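Which chain is which? They are A, B, C and D, in the order written, and residues in each are numbered from 1.
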Amino acid sequence: MIKVGIVGGTGYTGVELLRLLAAHPQVRLTSITSRKEDGMPVADMFPSLRKRVSLAFSTPEKANLAECDVVFFATPHGVAMSQARELLAAGVKIIDLAADFRLKDTEVFEQWYGMPHSCPDLLAEAVYGLPEVNREAIRTARVIGLPGCYPTSVQLGLAPLLTQGKPLVNEAALISDSKSGASGAGRNAAVGTLLAEAGDNFHAYGVKGHRHHPEIVQGLEVLTGGRKVGLTFVPHLLPMIRGIHSTLYATILPEAREIDFQALYENHYRDAAFVDVMPAGSHPETRSVRASNYLRIAVHRPGGGDTLVILVVEDNLVKGAAGQGVQCMNLMFGLDETAGLQHIPVIP
Amino acid sequence: MIKVGIVGGTGYTGVELLRLLAAHPQVRLTSITSRKEDGMPVADMFPSLRKRVSLAFSTPEKANLAECDVVFFATPHGVAMSQARELLAAGVKIIDLAADFRLKDTEVFEQWYGMPHSCPDLLAEAVYGLPEVNREAIRTARVIGLPGCYPTSVQLGLAPLLTQGKPLVNEAALISDSKSGASGAGRNAAVGTLLAEAGDNFHAYGVKGHRHHPEIVQGLEVLTGGRKVGLTFVPHLLPMIRGIHSTLYATILPEAREIDFQALYENHYRDAAFVDVMPAGSHPETRSVRASNYLRIAVHRPGGGDTLVILVVEDNLVKGAAGQGVQCMNLMFGLDETAGLQHIPVIP
Amino acid sequence: MIKVGIVGGTGYTGVELLRLLAAHPQVRLTSITSRKEDGMPVADMFPSLRKRVSLAFSTPEKANLAECDVVFFATPHGVAMSQARELLAAGVKIIDLAADFRLKDTEVFEQWYGMPHSCPDLLAEAVYGLPEVNREAIRTARVIGLPGCYPTSVQLGLAPLLTQGKPLVNEAALISDSKSGASGAGRNAAVGTLLAEAGDNFHAYGVKGHRHHPEIVQGLEVLTGGRKVGLTFVPHLLPMIRGIHSTLYATILPEAREIDFQALYENHYRDAAFVDVMPAGSHPETRSVRASNYLRIAVHRPGGGDTLVILVVEDNLVKGAAGQGVQCMNLMFGLDETAGLQHIPVIP
Amino acid sequence: MIKVGIVGGTGYTGVELLRLLAAHPQVRLTSITSRKEDGMPVADMFPSLRKRVSLAFSTPEKANLAECDVVFFATPHGVAMSQARELLAAGVKIIDLAADFRLKDTEVFEQWYGMPHSCPDLLAEAVYGLPEVNREAIRTARVIGLPGCYPTSVQLGLAPLLTQGKPLVNEAALISDSKSGASGAGRNAAVGTLLAEAGDNFHAYGVKGHRHHPEIVQGLEVLTGGRKVGLTFVPHLLPMIRGIHSTLYATILPEAREIDFQALYENHYRDAAFVDVMPAGSHPETRSVRASNYLRIAVHRPGGGDTLVILVVEDNLVKGAAGQGVQCMNLMFGLDETAGLQHIPVIP
């Protein structure tokens, strides 16, 4: 059994980790830390866990994380990098759900997250936890920086287009019109995500700039093999709880007009356990992946023209966060990639 | 034109007052105060008011409320009573949407609101702003304590039963199973009313005790003419924005079994502009009063037995707060009771 | 492996059965019938099942249900009783999610479901599928009539009170104020449950009479051991998808005033794997059981008075339907009662 | 007073017309037809109209529409064109909320609406009811074909860009990523828009082709003065009731890079009573126009690059349908354009 600790765990990615890990056949949850809630049974905060998780929050001191095999950080940005070195020294692997190990350029990190990066060497070592792109590197990683929720949907939605050796679409003018459920904003008291504000309502935000923009561009330029990418990214807030839908637009280059994009996508993800390329003409629904680690993609070329429209759905808390973390953990410990992740989506 | 000031106005009852008063044909909005937002146009905070309300927030000092004819307090509990005396001295009438002038017993007030009452004399003078019960007293009042949102629905739902001189139902064992939309919790950052918490979810709260319980009982005992009333009150949080539905249960006394309760209710509210007794067998929907000052009631006696089931719906922000305030204002200034309140409910 | 067939399966209880049974470690799904959808892969109708369920709908003729060990009927009322005799003759057990085998009195059945009962002998044999009440009878049953969604919540919510040999509460005047998510109305095209009708809206329905009323009363009178029960049952439609919340009211008899009801409930359900009696003072949320087979109960006695308020939550599609069916199946085949039902509720 | 008749009126645009027209100071509602509901008071179907609309549905024969000044058709496609000639002959003006008088090319109409056009001459005469584009023509029109809900948002969102005499953006590659609340699908029993299907869910639809696509392109080519336009239009279904949000993408041409697009938009709509160009950097919310005739626009140019992002919100039932119809009626009868349309949006 893999001994797993969680730092943080009072937010949505934390409770989702608990849901997944508590039922994982090869995991033993050994500790969960929250300085503020020391001593409180996790199930007191989240009654959904009653009868299933008996663990209580404890302080980091009591938690003895150094005895874990792996520690997940479901914390605000900046926490993981402050504790990473010590844990690694103790032989503990780290999976960070925040942004500490995502952006390779520390200046960009500082600009968007408002703090200096405290361990650039570990950042250099860290592997970006997107298994469908980085599977082999993840297997041997000590530190994983998990992708943000939006970036997962955009990168996996564009990967088949960008990894063909030569450009198939105008890579300088990609568009991602993305929509996220309110759980993406976290379990923090805030006026903007109150039911009475965000319910029965819809709007864009961060059009001027969003933290996920540099992360996505970085990831897309890995996919192109270094060719520059231009992306317009417009996130929107959906009046619902879970789910991300990214509608991606790309202009097909003249030399790529004969390509069968449906086949291209199906081939690309033929062996991906969690990525489902739907039949031509499909419109994936966010609920079709609700509470599961699947990501579904549909490829459209309206009117047979030069604009590709790629529809991508994922559950922002699973494939966009906790589930992807467990998927990485499985790879890091030599387990079947799908272990503990075989939840069938919940509909209706 | 009646010169109207608003103290507070950054919350839901405040913005609803603005919506109603800005379109009221006999009102001139002269000032709205918020120390924190001094100088900010109201429409910057609430873009729904763009092109319609040009007023900006100002500090109480600049607002010169003493020149108003009436001031509405859409503030936390305790603010109105601290400013009332000075305004009254200047000849300004006061309508408080908070609890300062609701509970006649200052000890009960202190117990539930955690602060001493600073002007018991004004409290004694204040009129409880429920026009369908207190119409004449409201006309001449200087200070109005507006009912809470739940209390309006329960009192108007039971009034025809309790005001018949002698008991018709077991007044010692009334039940109100009440459900409110999330706007009732106000526009305050809080985890419990986040969309991701309160959406697609339902639960009771405050079963042990709720501030509206003593207020309702006080009001019901006014209706009975002093006979003691026993009430079990269970509020619940609905996964929606506006609307209250109270399901009321009362046991018919043997001597009242022959009464035609449908007729009793219809007669009682024959002249009430805003109370609609629906045909026998109806199930009023909260949306049937959305964004309007109406309150609808349906009377049921399942199986012809001894249990009366009264269904009551209102919009908690209109008849349960701002609209009722405007209704009182109309009475206080000799206007038609329905002036500025003739909004047709918004469905769907 | 138990060979399982499903008749029907295009509705919500059907797809929920598929979600549960496809992941059940001791089940092999062998067929699912829909005359209308013959040949269509189930996952084409419910893309949530893609990559997980390869079964296609087939006609009853092709399905060869007689080779199953057990057949679930997720069909409209009346279908199960028309096919039961033949399947039983072939040695197949039957679990009906509709009402064919719920009401023991065929006249009451006819009155509420508008059709004569075609096999009163099987009805007499059938066991009411509420494991927490009928566990032993279920183990040996050939035909199970699963409780309705509301009846499960009311019966389990009142069982500890009604099964103590003598009355503890006024059994002639019980009240169940119940609220259900819209999935309870099924996956049928209907105006009343459109998002634009039922969303951001709340209302009671069926106050005059509801099919579940006689079923609940029948069940409660089993619990009392035959003492007559009077129940006022008021169902309401919640603007959400899954979940039932029943708020139950009972008047404590004078001779029962000293009872520790919290302890009574805890003792009663001490060994129930799926029933969770929460700590005193709790307010269970419907989401705390979402997509799981749990049912949670909280016991309140406001002000220490004579009114008991029992709060009960369940997922109407799991403990209120498909999950309870699987729980019965487990018992009927000698499996662990929780096999394939260990889903941790999904929040947020 | 203008005598107004409504044909149809059991759907969402019908009840919205009733809400607007019943409170319009210069309108007398004289009849509303529904063959199926003959004799039923409108308020029985829509209790929101109780105490406000006493009209009953009647058959077209009884309704005597020929005595109206204007008749609104809130009917399925094909009804208005079948009755138009007779009404016009009687001197009655016609405002059609369906598609009969939108598409100028009858072949395109037939292709998308599956029926031949029965009066091409009236179609040729009909004016497209978009006041901000066609104000003068509307004043003298006898027949108005009201725009679809999506087309209103896209055309008004792009109009300032396309009407400058020469191209400012790549007009061959415009994108409209549009999202609509479920009321846009109408008040028809359908599985896809059930609360349990469309709630807490999001997806695109009609990517292959949508009836509004040719209508939008026709309208955009009017704006350009005949220059060809290429548009990718992707509609999505939002889990909410009212509101459309169109996110528009356009590539700025090199020769237009110096233009101040914020000023361009503000100037263009300087005199438009219902179009609100928000300050630079704004993110309009759909609720900011809820239940009102306003349409709000924000102009973004992320990173100062070559992609313009235009955000547009409207209430699909008001500015996208009934409100726009009343706005046209006001123009046709020489009233103030805003008469009866001064509803302040309802938030929260």
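Heads up, the rule we're going with is that a residue touches a chain if its C-beta (ideal position, glycine included) is under 8 Å from a C-beta of that chain, and two chains touch if they have at least 3 such contacts.
Since the structure is predicted, the reported quantities are computational estimates derived from the model, not experimental observations.
With chains reduced to the mean position of their C-alpha atoms, the one farthest from chain A is B. If you average the Cα atoms of chain A and of chain D, the two centres end up 39 Å apart. Taking each chain's centre as the average of its CA atoms, chain A and chain B sit 45 Å apart.
Centres computed as Cα averages put chain B at a distance of 36 Å from chain D. For chain A, residues that reach two or more other chains under the stated contact definition are 12, 181, 183, 187, 196-197, 199-200, 239-242, 284-285, 287, 290, 348.
If you sketch which chains touch which, every chain touches every other chain without exception.
Residue ranges on chain A touching chain D, taken from their complex, read 173, 175, 177, 179, 181, 196-197, 199-205, 207-209, 230, 232-234, 236, 238-243, 245, 247, 249, 251, 281, 283-287, 290, 300, 302-303, 305-307, 309, 311, 313, 348. For chain D in complex with chain C, the residues that touch the partner chain are 12, 181-183, 185, 187-191, 193-200, 239-241. Only residues 12, 15, 19, 22-23, 46-52, 183, 187, 199-200, 241-242, 273, 276, 278, 282, 284-285, 287-292, 294, 296, 317, 342-348 of chain A touch chain C when the two sit together in their complex.
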